[in-house]
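All chains are identified by letter, namely A, B, C and D, in their written order; residue positions are counted from 1 within each chain.
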Amino acid sequence: MYNDKNSQKIVDYIQNWTRKHSIWVLAYGTGCGAIEIPPTMTSRYDSERLGIRGAATPRQADVLLITGYLTVKTLKRVIRVYEQMQDPKYVIGFGSCTINGGMYFDSYNTIKVLDKYLPVDVYINGCMPRPEAVIDGFVKLQKRIGEGRATGAKHYKENLEWYRANQKKIIPNWVMPEYNW
Amino acid sequence: MATLYLIFIIFLGGAILTYYAGKLGSVLQDIIFLATILGATSLFYAGVHINDFMSFNPGGITLTWGINYFGWLFSLIVLGLGSLAAVYSVGYMKGKKRRGYFYFNFILSIMAMLGILVSQDLISFFIFWEIMTWSSYLMVIYNGKDDQKLGLKYFIFSAIGAYAMLMAIVMVHSVTNTFLIGNMIEAYPQMSLSWQIWIPILFLTAFGVKAAMMPLHVWAPGAYSSSPMAYTSVFSGALSKMGIYGMVIILVTMISHLPQGIWFRETLAWLGGLTAALGTLWAIKQDDAKKLLAYSSIAQLGYIITGVAIGTELGLLAGLFLAVMHALFKGTLFMVVGAIEKQTGTTNFTEVTGLIRKMPWTFFSALLAIIALAGIPPLGGFVGKWMLYEALITSNHYLLVILIFFASTAAFLYCYKFLFGFFMGQEEKEWEHVKEAPATMVVPMVLMALFMAVLGSWPGIILNPINNGLVDLGFVSTYKHLWDTSILFNSWGNQVVLKPLLYSVVAIFVFFAIVLIWKGFKGTRYVSTKDISSSGEVPGENENLTFSLGFAQPFLRAVGPVMKRQIDRYYTEFADGLESFFEFLRRIYTGNGQTYAIYVFVFVVIVLLFKDVLF
Amino acid sequence: MELFINILGAIVTFLVAFIVGMTYGGLNRKITARVQNRKGPPFYQNFIDAFKLSSKETAIHHGIMHYLGPAFLMVSSVMTLLIVPVFTNNGWFPNLNFKGDLIFLIYIMTFGPLGMALGSGQTGNPNAAIGVTRGLSQMVGFEIPWVMALIALMIQYHTTSIEGLMEAQAQTGTWFMFSSPFAFIAAILAMFGMFRYSPFDIVSAPTELASGPASENGGKYLFVMMSSGSVFTFAKLTLYVDLFLGGAANLPVLLLKTFALYLIPILYGMTTPRYRTEQAIRWFWGWPSFFGLLAIIQAVIL
Amino acid sequence: MKELKDNIINRIKANFKDATEKNDYNYNRLDFIVNKETIPSILFYLKDEMGFIHLSHISCVDWLEEGELEVVFIVWSPKDKIKVFVKTRIDRNNPVLDNIDMIWRQANTYERELKEMFGVQFTGLVAPEEFILEDWQGPPPFRRDFDTAEYAEKTFWHRPGREDAKNVRETISNRDGEEIPDFAKKYER
């Protein structure tokens, strides 16, 4: 998609511009981070002015926002949701738990590093990150999208085997439709 | 003119032959059956001339046979639908028991309906009417045992209607010493007022039973759903139209002469409207496709009754056009249900789902039939609905049109329920084996569906015979004044030009279909119905997520108060009351000699006591 | 040549309706934001969303009906647009608007939702079917006062065509909004349900039903649905203007009147919580139908 | 309250010989220690005869040193406003107990949880699929001899760079020369 033909360049520029200014978020409120989403969306820190709004289902969403720790059980669902989303799609890891386990670094049931299992485009650190931080993360994502560098989904397609190996390491009985688009 | 005799001989002989040919082999039986129906049909349209009557008098009673334009219109319904349903039922009855019984009654009822249309005198009319009732009753109890007394209910109501008609015939004969319908119509204006009121009431009772009119409709759901589907398409499509046929004759030729006729018309129209509304509500409630279609037939007949009852030209056009359309789409829908029943073994929405990719042609015909039923352009149903509304508005039935509109809007719910329940929803392992129905069953459905689509933009094909029939009944021609081949007018001069509308609908649809298929239909991957966004869960193989129970629950809650009681119950309570009364009588006549002796003794004592007073 | 002109006019109408409807959608979001004391997105946000959706990949389908569902929806909105006369003197685009009448219009308006319902039904998503049944039930609710209002107009002026009603307004010189106010009130109350904004938006409740019928449609499907919605908005507003506000002679007047009408459901919705389906149906059969009845009585008396 | 407790104690001890009470709370709580065989009967008795109709909780305590697991059933009587703890000790290596979800249906949930977290086997418990720990490959995690840090270390992939964070405040002070306040001293490991 991001090839060097000049004609394509302009189209890509316009497409990236629209994509960065209309971001539909599927907030997967797994952990305590879900409580930070309402202030981000509503009147105080109005994120809709940046074109960021919630999406109802994975089919419509652009960004998968993973708020907080992921247990093994929820990781299954998150992977399923991510694979149901349509290209182009991005993932935002939200909170220290997704970066290095955070306060659950020695928990027996939560994954520590998200980008082993899903391609994360932007990390927002903090426990919890305040809405300013969340909006800052979205702006960073917009910047990457505008420059065409938010290619997590492409990366996921290319090294699918590696991701699958990591996912199956902690999810032994794997019941999911295959991912081939 | 001996062709009519020949046709009826063919029917009778074919019926008996078919019944006994079962022993020689099923294929031969099918061939004879088809040959009978199709041969008689082709002979009728080839050999019978319209308005060419012949009379003969066995035993001093003059009977006249022959067909006029009005009957010819209905013969289109009867024979056309009948022959298609015959082709269908060959495939439907394959591998079923009691085929001879089925074929025999099928041919007999077709013959009886044709006889009703050709008979110009009340005697043969009544005889054919009874044959029709009997054959359809035998079809209702096709399964042998008659649990829940469905056949009995049907038969009781038909008997009530038949006796009413017989009484009316006797009354007519006592005035005009003839049984000819023409003479009855001529003599009607000179009758005394009470007879002028009673004769139509009796006739309308008889016809209203067959047309499933509001208080007399309680037999319909059971009877329609318990007879074999291949016959129900005729039962609901054509046989109920006989009631409409008689009703139109009575209304147009008799009541229009009556100064008080307006009351007849209004009562009938409102009864039709109530039938439509309540039938629709009950249809939404059903979970079984047969029941749903049965109630929806009642509702559609309500529209037809309203149309013919308001009695303006546009109203009659609308009613008769809707009658033809109803024969088409309801026949198709019952055939669809029959096909699904044959392929899956059940007709319950809560059991069978997701057949669209297994039975595409059945779905196609069902879709067109449903669009026509809902009255959505550009299919034929819309023409009838449009004319009905315009007739009601231009003839100042303002509240009635609201009622009709409510009924036909609420009809969308059961239309969607029908399509969704069978064809949409989750595809299940249980129905993986299902295949498309055999060609003999698919072809008639698809033919009728396509004919509906054609009628949507060229209604003149049917409006022309209707116009001739109305002229026969003594109307001025409605041609050029209310309709052209593909243009409809109301009496205020407003018009709907159907062809360009159809073309633009098709053009827009094709354009946006292309827009959607821009990258190619093959470019996108088909995912099964298990691959849905159910919040990250993967539905299991046997985990059915289809939403089929309590389908339109919010709507039913909103209209709940209307549906508290069924009319059925009132009849049951009436029957119970009669039973207890007879029980009381039985107590008096104990059959014991001593009791009678006591009665006699008491009587004598009383007489002796009061003899001064008495004598 | 004549046909060519007509097709050209139709395309121009469609483009105008698309742009205006999209802008109105954006303004709706902006006004909502301002009412909630937010800055809100720019008014052209809907165009960005639409382009993004159209440029989003559509990798999957659930079968042919799901694929063509949005096309059905588009047919009904564009047909409605072509039937409704945009300007009083048919100046620019005499589309199809003397070939059909109001009853045809009412029925063609219901054509699309049913097709869309089939499309979303084939996805097998239970939320879609639930949303569809709710939508159809609500439609039964608001069609009653709407049809009452229309019939009141028809029987008062003895015509069922929109042109006829517009001419009647032109002759009498007063808008039906003032000459038959009850019909106007009933129609406006029915409009709340027609637009499916709050409080009647339980059909596609985002968090309860996962946006209902649209729950399986992303990318191109959603783009077509969105643009059909915008066109439909414009067509409905134009119809209301033609029926009750005496039509419009040129584009600015049309925009003024339509936007004034469009503000009513928006502002009502912002101040009202969501109704459940049967509550919505009962609401429509309450006061709106009463006003419709008054309208019919007035029409019969006059 | 006093006589109420005595009444309960007398009735229980009269019916269940092996029940030993532990009445050292001055609020509305009462403990009984019974054998594991007595559990269903005593719970039946408490529910049906004495009006303890509400099962508050089923908990488990791991007595690693005694090599026993102690399962605690907490029942509550809305009428008398008193809660009774029924405790029993079972062998840690062979933790088997009778299933009681025919008495309280909600007991099923607690039993599934104990089954997963402590490995307590309830005979005849119908628990179709795993409850909280999907795809769990390890010992029951709530037992005291289960080292969660070690398990996490060998199961999950850790991001390097946490080693310096053994003492957070010290690290911070080293990083940007900040003085550790006195009140924070006691939090140091």
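By definition in this document, a residue touches a chain if its C-beta (ideal position, glycine included) is under 8 Å from a C-beta of that chain, and two chains touch if they have at least 3 such contacts.
Predicted, not measured: the structure shown is a model, and the values here were computed from it.
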Q) Whose Cα centre is nearest the centre of all Cα atoms in view? A) C
Q | Contact-richer chain pair (by C-beta pairs counted) among A-D and B-C | A | B-C
Q | Centroid spacing, where centroids are CA-atom means, of chain C and chain D in whole angstrom | A | 60
(Q) Taking the mean of the CA coordinates per chain, how far is chain B from chain C in Å? (A) 36
(Q) Nearest whole angstrom, what separates the Cα centre of chain B from the Cα centre of chain D? (A) 69
Q. What are the residue numbers in chain A that touch two or more other chains?
A. 57, 59, 76, 181
Q.
Please output the residue numbers of chain D that touch at least 2 other chains, ranges allowed.
A. none
Q. Going by the touch rule set out above, which residues of chain C reach two or more other chains?
A. 58-60, 210, 215-216
Q.
Output every touching chain pair, sorted by label.
A. A-B, A-C, A-D, B-C
Q.
If we count contacts the way the header does, which residues on chain B are in touch with chain C in the complex?
A. 354, 356-357, 367, 371, 374-377, 382, 385-386, 389-390, 393, 396, 398-399, 401-402, 405-406, 409-410, 412-413, 415-416, 419-420, 423-427, 490, 492-497, 500-501, 504-505, 508-509, 512-513, 515-519, 521, 524-527, 529-535, 545-547, 551-552, 554-555, 557-559
Q) In the complex formed with chain C, which residues of chain A make contact? A) 14-15, 18-19, 21-22, 24, 42-43, 46, 48-49, 51, 54, 56-57, 59-62, 86-88, 181
Q) What residues of chain A sit close enough to touch chain B in their complex? A) 57-59, 76-78, 80-81, 84, 175-177, 180-181
Q | Contact footprint of chain A on chain C as seen in their complex | A | 29, 33, 36-41, 45, 48-49, 51-52, 55-60, 206-207, 210-211, 214-219, 222
(Q) Considering only the defined contacts, which chain B positions touch chain A in the complex? (A) 525, 527-528, 530-531, 533, 535-538
